[in-house]
Structure formats: structure tokens, C-alpha cells
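Across the two complexes that follow, chain A remains constant while its partner is chain B and subsequently chain C.
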Partner chain A sequence: MQKDYKGPVEYSLEIAIEKIVGLLKEDYGISKRAIALLLLQDEEEIKALVREKETEALSKIEAIIEEISAHYIHPLTYELALERQAQVRQIISKAVTVKQEKVSIREKISRLSMNPITGLPLVLFVLYWGLYKFVGEFGAGTVVDFLEGTIFAQYINPFITNLFVRLLPWEILQDLFVGEYGVMTLGFRYAVALILPIVTFFFIFFSIIEDIGYLPRLAMLLDRTFKKIGLSGRAVIPMVLGFGCATMAVMVTRTLATKRERIIATILLALAVPCSAQLGVILALLEGNLPGMLIWAGVVGLVFLFIGYLTAKILPGERPSFYMEVPPLRWPKIGNVLTKTYVRVKWYFKEILPLFLLASVFIWLGKLTHLFDLVINLLRKPVEAIGLPHQASKIFLFGFFRRDYGAAGLYDLNKQGILTGLQLVVACVALTLFLPCIAQFLMTTRERGWKVGLGISAFILFFSFGVAYILNLLLSNLGVVL
Partner chain B sequence: MILSDRAEEILERLGVELIEQKKEVHDAGILKDDEALKELVNLSYLKIKAGQFSLTDEGKEEARSCVRRHRLAERLLVDILDAKKGIVHERGCKFEHLLHKGLDDNICTLLGHPKTCPHGRPIPEGECCKDAKRAPKKLIMPLFELELNKKAKIAYLQTHNRSILQKIIAIGALPHSEVVLLQNFPSYVFQIGKAQFTVDQELASHIYVRVS
Partner chain C sequence: MPEEGSQAKEKMIKIAIVGSPNVGKSVLFNALTKRYVTVSNYPGTTVEVSRGTAKIDSLKCEVIDTPGMYSLLPVTEEERVARRILIDERPNLVIHVVDAKNLERMLTLTLQLIEAGLSLILVLNIMDEAQREGVTIDARVLERELSIPVIKAVSTKAKGIDALKQGIKDYAERL
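== the complex of A and B ==
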């Protein structure tokens, strides 16, 4: 191709590239011209590489870049982008003719999905059918019941228990593996029979809306609201994932652009986003109690916005900016959905299974050393302060090991008939806000560091009980009967 | 009173050094016997004392206006006349002398009261900028002010913030691209070519478009 030496000859980009190419002596696996272009665009990794390899010519190369930069108004990245765009336009003008098209039906649906008047009801529709019906009722309900109740309870657990009892004659070790909270009977069973199906169904749902191209539209609708809590529309992805599994969502906060956004998202995920397992049990608990459910959802929603707003005010740093491509709406392809679901479930399972097994070991240790009795006693006072019977302290401790485990404990308490409607709602709020499960805690410390992880946990510990305390005070003084 | 071109150049230079860079005085140096210098002194824009000169209040006003005209001329060349940037400063120097009082405000309005020249230096505000709130139709405006479903072309990106620039480059919202704003609430959605993008107000305020 003919080269176009634009600008004053001695400062033209093309000349600078030729000079740099001439100075590069080492082999980079890609063309030297590409390296030169990347250098001009201030590409950090390439700069580091060249700094390492070209000890002799380095100062000369840097001088050329400095000189050429001084002769352009804009950063060279921008000048090159303009140059590239001009080339593209030229090629396209020769090769492509664009016909004026009318707005297609596909495009009309796309616009409707982005218009807040039609788009927001659509969000609720998608969440109701996708999350609540498909993931919650079918995945976490029907499928889990079958896997846990039938496959594990009737076949696998008795077999494994039998095996371990015969292999390990010591009761303490039997407890570790096949006891009530054993590595095999609790940790493994939970991971395989409960989390695996829920997460699989969640990922199917997520992959479908992703393949349709719905996520950028959701992000676009929510960006303005998310800005108020220090996040950008991009954060909808970890937030929606949080309703599946908050542990995984914390991992996905990596995709957010700034450290500030990642910290805010992590706090909100730990505090006010219930995961599908927990959500399932809580919804079952409050079923048929519409005012109770509205109070629960209202309080948790308010806490989400309030804490987001507050952390955004307190944390220093740049405001997030939001930009995303909006792809055309497409029919989901089954092949795509299955591949994405498979890859994600595999990856997730590999990350999460060890954490579950570890949690079982912790429970075993806690019981063995009577540390649990101590913690349950410590929790007794605050539990009574928020108007709950002392038996409820146990559910908070277990809630830390598995979010839904706490909720399930609450379910049992409720069945025994010792909770009033009001206590139930307060307990649901407290449990939702309370410390996330141990897996999420470990993930938070891994992603954000020990200091931030512990800080967030300490804050949540006091805050969740504080909110429950105020709610209990308010409702009982107003004489609300639920 | 119409100044000579040379006197305007001197005033502009002084406007940059004495007002923007806040130097107290300027060394008269080689300009000592310049005709234009005498012209400025006669108009009492300049005071010379022991080889140093400083601007009077009137002179400052005039110098500010010279700087404004020069930078507006540059913007005009780049945004409307589409001149290559390398020659902008030099041509701007010639062009500015044609923009006399009042004319500069018209150009400023035409351009949508730009705040910086293409090199990123501030353009001093004129009367028209202060009235801009009730100003009528503009030809050039930030993307977020564009009417929905109306074709426009991207004129320039008003930012020197690298990270913002990088994002706009990634989207491909570069000068000369045709753009249609599809939606402005809750976020901005626009179309460039066959692709659609959504951005927040912050990013949309850095992209200036020219209505065709």
C-alpha cells in the first residue's frame, strides 16, 4: 500500500514509525511496525517489554516518541484512531453501499426495551419469570427436592455413611466426614445437590438473557440509579449474578473499572443482595403474607440504596463512567447457551467446592472445641434485643456457614409455631442483611484483601442487628400485626 | 480605532504572558523601536518603564480580546473549515485579524461558545457567552443536547482526559462520524453507522456534534 506522509515531513507519524522500526533489534513474534504503533499509543505492556529487550536503542526510541508527541495536539492514540478511521472510511466508501432501511420490528422491540415506560415493567417480567419462577421455583425447588430428597437422602448418603463408619472406627473422624455437618454428608451434598442445580439453572437464565443481548439494555436503564450509589450500569452484571450466588458475584466484580466501584459492589453484595438459595427459603417463609413480604423487600431495598448512597459519599475516588455497546437483539442460540452454562458451572464448581468442604471442617472444629456454644451464647443478647426468641441465635451462626442454612433453621422454628408474624419478618430482614456465608466471606477477603473483608464483616454484623432492632421497635410500637 | 495586525500580535502575546501566565512585566528587548509598540503606547494600552513594559487596564481588556479572537479563529478553522491541525496556529494568526469586535461574538455563537481552543487552552469569555443561556439555535452542541432522531456529525471531542478519550475512541465516536441520538433518558443511546452505544451524561458532554 502506498504510504501517506501526512503533516510536516519531519514530524509525520509514518516517519516516526519507520525510525522506530529501524531501531528495534529484537524479535517480538509480531511485526516491528505493530510494535512501533503500540509504542506510539503508550501501550504499557509493550513499553515494559521494549524497555527490557532494547537496552541500547531505548533512549533513542523514547526521544522519537517524545518529539513526535510534541508536534500533535492530541495524544497519539487519538491521532492514530483518526488516521485509522479515515482509512476505514475510504475502504468502505469503495466497497460498500448502504441502503436506507426502515426501522425493523427487531429494532422497535429493542427501543421498547430501552424506553423506561415499557422497559421497566419488562425488567420485572424478566426477573419474575427468569429468576423467581425458573431458577427459584423450578431449579431451587423441584430439581433440588429430587436431587437432595431422593438421590442423596435415599441412596448416596446411606451408602457413604455406611462406608465411612466401617472404614473409620473413631467417632470424631466419622463426624468429620459423615456426621450431621460432615464433609461428605453436608459439604459435598450441599455443593452437588443444592448449589450445583441452582447455579446451573441460574447460569442457563443468565446465558439466555446474555445471548439475547438484554444485559446492556438493563445496564442502560439502571445506570442513572446506580450512579447515585456510586456504581455504573455495568454493575448490573455482578448484581444480577448476586441473586444467583453472591460468592460468584463478588468474583465477577473484577470486571468493574475502578477499585472504588469494586468495594461498593462488594459491600452491597454482602449486605443487601440475597442469593438464590436464601431467597428461595425466605420467599417460602413469607408466602401468603403479602404485607410481611412487602416490608421485607422494602427494608432490604432501602438499605441497599441507602448504604450505596452513603459509601459513594464517603469513599474517595473518581465517579464511574458508563459506556457500552448495545448489540442488536437476537434469538438465543441453544448451542451458545449450553456452552456458556457448561463452562461457567465448571469454573464455578471448581472455585466453590473446596470452600464448601472447608466450611464443613470449620463446623466440625467449632462443635468439637465448643466454640459454637460460646458464639451462640454471645449472639443470644442481640437476638433477644431484636425481639426474637433465644433459639434463633443458632440460625444466625449457621447462616454464616450457609446463607440458606440459617433461613432453613428459621423455617424449622416457624414450623414449631414459636414465632409471631412480626418476629418472622424481623428475623427475615436480619438474616438477609446478616453476614454472608463463609464462602462469600473468603471470596471477599481474597478479592479485596483481609482488611477490607474484615471491615465489611464488622460493619454488617452491627448494622444488620441495628436495622432489625429499629424495625422491631417501629413495628411493635405501631401495633402492626402480621 | 483599528489596530495594525502587528500591534494585535503583540497584544496577544502580552495577553498570554501577562494575564494568563501572570508575569508582572515584560522585557521590551528587541521590540524597543517597533512602530506597533508606539502605536500601543499612544493608545495608552502600554506603559514602558526602564525597558520593561506592562499593560494598562484598557490594554488588558484589549489583550484578552486578542487572545479570544485568535483561539476562536483556530476553533473555526478546525471545526467548521476542517483545516489540518498542523497549520492551524499559523493560519489562525492571520485569520484572527479579520474577526473584529462583534464579529468574534457571532463566530463564538456559531461554534456553540467553545471553552477551549483545539490545543486545549482556554478561550476568554465574551459578552455572548454570558448571554448564552438565552442564546438561540446553535450549530455545534454537546451530544446530550442533540434533538432525538436527528442526523448530526461529530465535530470534536472536548477533553484532554486520557481515560475519557480512550473510552470515546473505543466506541468509535470520532470526528466526521454520522450520529443519531435515539434516546436521552435514563441514559443516552446513539447510533453510529450500524452500531448502537449507550453512554452517561458525563461522556455525552465531551462529544460535540454539528447539526447538518
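== the complex of A and C ==
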């Protein structure tokens, strides 16, 4: 199909296209005209392809493109898009008729969900009932209590422990498999009794809002805010997933368009997005302490926005563009939800189980070589610097192995009455920001490479204590009593 | 190579299904292939591509379900892979699946695919929702304007699949 692109006659795009087509000698699988158009739009991969196939032609082509670009106000991509759009409109006007109807209820709800004034309260509503009540209280609370407290603690663990103690007479090896942090008693149990139910419930929630068509609307709603922190609406999905399990969310950052966006999302997930396991324990800790909870949420939220904004400023690269289809709202289909949940849980569990088992081995090695005592001693100074008792240093180390284990340790300390309200809030903030769990760390290095993974961890290590230090200083000097 | 039969019937034709995300490409792919489907990462990427074979009467087809693309000018890794498939694997026939509700946004890619010199069938999918929204499309006018076959479909209800198969056969006979 031939088209005439307008413009000053002697520099018309059509002439440039013809010239470029004339220079292309090789076979490209698609028409030379299409290749010429892509070259005019400065497409890297096609440029590389042409450079590889016919080196000499490219420099001549680039000269043509440079000359023609100078005669248009807008980038050629934009000019071409305008031309195409006009052409499409013309075809549409001939072939399509739309009956104007009243705005349906679905459409009204859809608009409300994307309007900031009504949309933001709706997000809070969805998060409260879906994430906090359904995944947190029911999944991570009731179901986990039953699986872990009853099934594992009373039946499986005693049986396995007994078995291994009989099979392996060496205490060191017994520790590896069935000790306090054993591969079976911690790694396996943690994956099956804790992560599996939490993630299953999370995926049910996620699949339902996905099936309804809520996610693209959420992405549209948050796109503007996300742009400021170097992300696009596309990043809504990994961020929402991060509240379920950040390890999985890091894996999902693959779907983001640019490397820059992937790195920013990974940093934010590691730093300021607590996973459901951690969130559950922290919410329990601060329950009934409304000012404390607000301070915690406020500080973590601010850190999220601030670091996002800062990394977006520092990291080179283009701002992401975002364009998304918004499908109509639909009633969720039970079959869809179940299938999606099943497939995801299965895939996720296969990815995550080996990492948990590996983490147990690391803990075993750490204890065996007394490396842990060393690290706990190293952490002692910074922990005391942020105004916490030295017993808290252990929490941070274990928090690295299990995010919520650190929080649970805090829970124990708090029960012993060692912590003041202020210390508790500072500790919660520090622990939320502190290094993600080892599984997330391993996933980060796998997705982003060792350099980025270690760099992010080093930054977080200092930053989390820095924020906690300032918060402690601020609150104590202001004489805040929580 | 078997000797008997006309060449067109014995030859295996390669079909690529393209289109933006969420237009029902995979449902259509499954309806065509049914069996012998493999899913693998496209070399050097984390993008998954499904491939399968279909048999329409005696015509054998290799069918590729490409990742979602909005334009030949790629933004995401998925789009890059989809374009690479069109360029490197040289499908004989390309089926462009579009959401009939949003035809205006989707036809741009159709024009680009035509411009790229690919043999094309346009599938107007999700016709039921389009009708519910009061959108009527004259497929014959579209065929005339674009000079390619246009087929209406509701892939989730298996509507239009037979017409598409017929379209593929017609294409193979002209080969």
C-alpha cells in the first residue's frame, strides 16, 4: 500500500523513504519500506540490523534522515504517527458506526475508580479488606496458626525430628536438618506452613482484582504519582505483589519496560515495601498504638517517595512512557480465579522452595562457624546508636533470614517489657527498611546481577539505620511519649 | 518429500498470531492448535512464546503465538520479541487479532503490518462486547479499504474460528 506523506515537497518524507529503500540491498524478511520507516524513527535494533547487513548504506541513510528531520518541527516518530492516525480515522469513519448510549453503571464505576478523589479511598478500601483482612488476618493469621501451630508443631516436626535423630547420630548434622533453624524444621516448614498459605491467599486476592479488571485502573490512577518516582503505572503490579511477597515481586519487575525502571522498582521493593509476613507482625506489634502506627506508616511512606524521587533523579535514562488498555469491568469468574491462583502458586513455590532450604543451610553454617556471633557484635553499636537495647541486634540478623522472624523477635522483646513505646516504633521502622530477607536478596542478584544486588544491600544497610537514628533523635528531643 | 498431491497442500505453512495484549490471541491460538504446543523462552530473553501445529483438513500449519505488541516500533521486550519473530522467522501468513471495541487504536498496527508486506488476515475479536457497546462494524468495507480478508470473531465462544480456518485455507490455495 502506498501513501503520500506530506510536508515541504522537496523534503517530503515519501522521497526520503524512496531514497532509503533504494539504498537497502539485502533481504530483511519484511518490506524495505517498513525498514525505512523504522530507520526514520531511529529504532536501535533495526539500525543494528542494517549496520550488520550492509555497513556502507547506513551512513548514507543516516545522512538522509538527518537532513529530513531538520525540516520537521516534531520528531519523525510523531509526524508519522499523526499521518497514520488520520488514515485510520478515515477508514473508521467509513466502516464503523457507534450508537451513542447513556453511560452505563459499569462505566460510571470504572470512571470513579480512576478519579483520584474517589479512586484513592477505593484503593484504601480494597487494601484494607483484601490485603489486611483477607490475606493478613485470615490467611497469615488463622490459617497459618493452624498449619504451623497445630499440623507442624504437633505432628510433623516431632515426627521428623525423631526420625532424623535416630538416623543421624551426629549432633552437627542433626542441627542441619532438624535444629532450631534446620532445613526441615525451619526451611521446609517455613515454606509450606507459612509462605504457601500466605501466598495462596494473596494470589486469590490478586487474581480476583485482576479478573475484575481493577489492576489497569489502579495503574492509571497511580501513574502520575509513579512518574515522579521514576516508575510508570506498569510498576503498580510488582508493587502490589510486594505486599504479598517481595521476592516474587522482584521476579515480576521483569515486565517493566526499561532497565532503569527495573532497578528503581527493585530498590523500592527491597527498602520500603514490607511483605505480608512482616506486615502482619508489625501491625500486631503496633496495634492499639495509633500514633505509633501513623509515625511508622508515615516514615516508611515518605522514604518510599523520597528514595524513588531521588533515584529517578540520579539514574540516567529516559522517563518511562506508559500506555495501557483499560478493559471493561467484568464479574470475576470462579474458574478463572482458581486456575490463575493454582498456576501461580505452583510456579512460585517451585522457585521459592530451594531458596528457603538454602537459607537454612546458610544459617547452620553461620552458627557453626561462629560467624553469627561476630555479626551480632558488629550490629551492636549501630543498634545502640538508634536507641535500642543491645538484645535487638540479634533481631536484625535474623530479620535478614526471615523478614517476619526479625519482627517476631521484636514481638518477644516487647513482651518481656524491655522496650518503650518510642523504641518500639523506631525498631519497627528500622526493621521495615532494613535488608530484605535472604530469598529476596538472592532473587535480586539473580534478576539484576551481583553488582546491583550488593550495591542495593550496602545502601540499605546504612540508610535504614540512618533513618532510624534521625527518627530516634527527633522523637526523643521533642519529648514524644508513645 | 511425498510426491503425490498438489504442492500447496503438502507444504507446511507458518502462521504468526499478532496483536496487542488482552485481545484473545492465546484463546485463538489454542482453538487453532489444540495439540502439540510447546512454550519456551525466546532466545536471550525472559519472554515466553508458544508454538503449536494445526491441521486444517489436509493443510498443515505451524502456529506461533507472539507476545503482545502495539506497534512495529517496540517499547517493551515483549514487543521486540514479537517483531523479531516477524522478521527472523518469516511467517507465510500473519493473523492480526484486534479488539473490535477499540478498532481505532488497533488499526495502526494493521496498517504497519500491511506496509511491511506481510500476508495478513484481520480478526475482529470480542465482537460480542463491541455489539453490547453499540459498535457496528462493516467487515466488507474494511476488507475493501485495507485489501485484506477481515473476519469477525468471539474467540471465547469459538465463534469465527471456522471462518478463520477457511481464510487460512483460501490463503494456502492462492500460494
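The rule is simple: the second predicted complex is superposed on the first by the 382 of 482 C-alpha atoms of A that agree within 3 Å, B and C clash if a C-alpha of one lies under 4 Å from a C-alpha of the other, contacts with A are read in each partner's own complex, and residues count from 1 in each chain.
Keep in mind that, in the parts below, a residue touches a chain if its C-beta (ideal position, glycine included) is under 8 Å from a C-beta of that chain, and two chains touch if they have at least 3 such contacts.
Here the structure is a predicted model, which means the values were calculated and not measured.
A.B. asks: Examine A:T77 and indicate which partner it touches, taking first as chain B and second as chain C; both and neither are also allowed.
C.D. replies: The answer is both, since A:T77 touches chain B and chain C.
A.B. asks: For A:N115, using the defined touch cut-off, is the partner it touches chain B, chain C, both, or neither? Pick first, second, both or neither.
C.D. replies: Touch partner of A:N115: chain B, not chain C.
A.B. asks: Tell me which partner A:S31 touches in the superposition: chain B (first), chain C (second), both or neither.
C.D. replies: In the superposition, A:S31 contacts chain C only.
A.B. asks: For A:S232, decide between first (touching chain B), second (touching chain C), both and neither.
C.D. replies: first
A.B. asks: Is A:R89 touching anything from chain B or chain C once the two structures are fitted on A? First, second, both or neither.
C.D. replies: both
A.B. asks: Would you check which partner chain A:D223 touches, where first means chain B only, second means chain C only, and both and neither mean what they say?
C.D. replies: In the superposition, A:D223 contacts chain B only.
A.B. asks: Contact-wise, after the overlay, does A:I172 reach chain B, chain C, both or neither (first, second, both, neither)?
C.D. replies: neither
A.B. asks: Once chain A of both complexes is superposed, is A:V343 in touch with chain B (first), chain C (second), both, or neither?
C.D. replies: neither
A.B. asks: Per the definitions at the top, what is the overlap between the chain A residues touching chain B and those touching chain C?
C.D. replies: 77, 81, 85, 89, 321, 323, 325, 327-328
A.B. asks: Residue numbers of chain C touching chain A in their complex, please.
C.D. replies: Residue positions touching the partner: 20-22, 46, 70, 72-77, 80, 83-84, 86-88, 90, 99, 101-104, 107-108, 111-112, 114-118, 129, 133-139, 141-142, 145-147.
A.B. asks: Enumerate the contact residues on chain B facing chain A in the complex.
C.D. replies: 84-86, 118-120, 157, 162, 164-172, 174-177, 182-183, 185-187, 189, 195-200, 202-203
A.B. asks: Show which residues of chain A lie in contact with chain C when the two form their complex.
C.D. replies: That would be residues 1, 28-31, 33-34, 37-38, 41, 43, 45, 49, 77, 81, 84-85, 87-89, 91-92, 94-101, 254-255, 257, 321, 323, 325, 327-328 of chain A.
A.B. asks: If you look only at chain A, which of its residues touch chain B in the complex?
C.D. replies: Within the complex, chain A touches chain B at residues 6-8, 11, 71-75, 77-78, 81-82, 85, 89, 111, 114-116, 216, 219-225, 227, 232-233, 319, 321-328.
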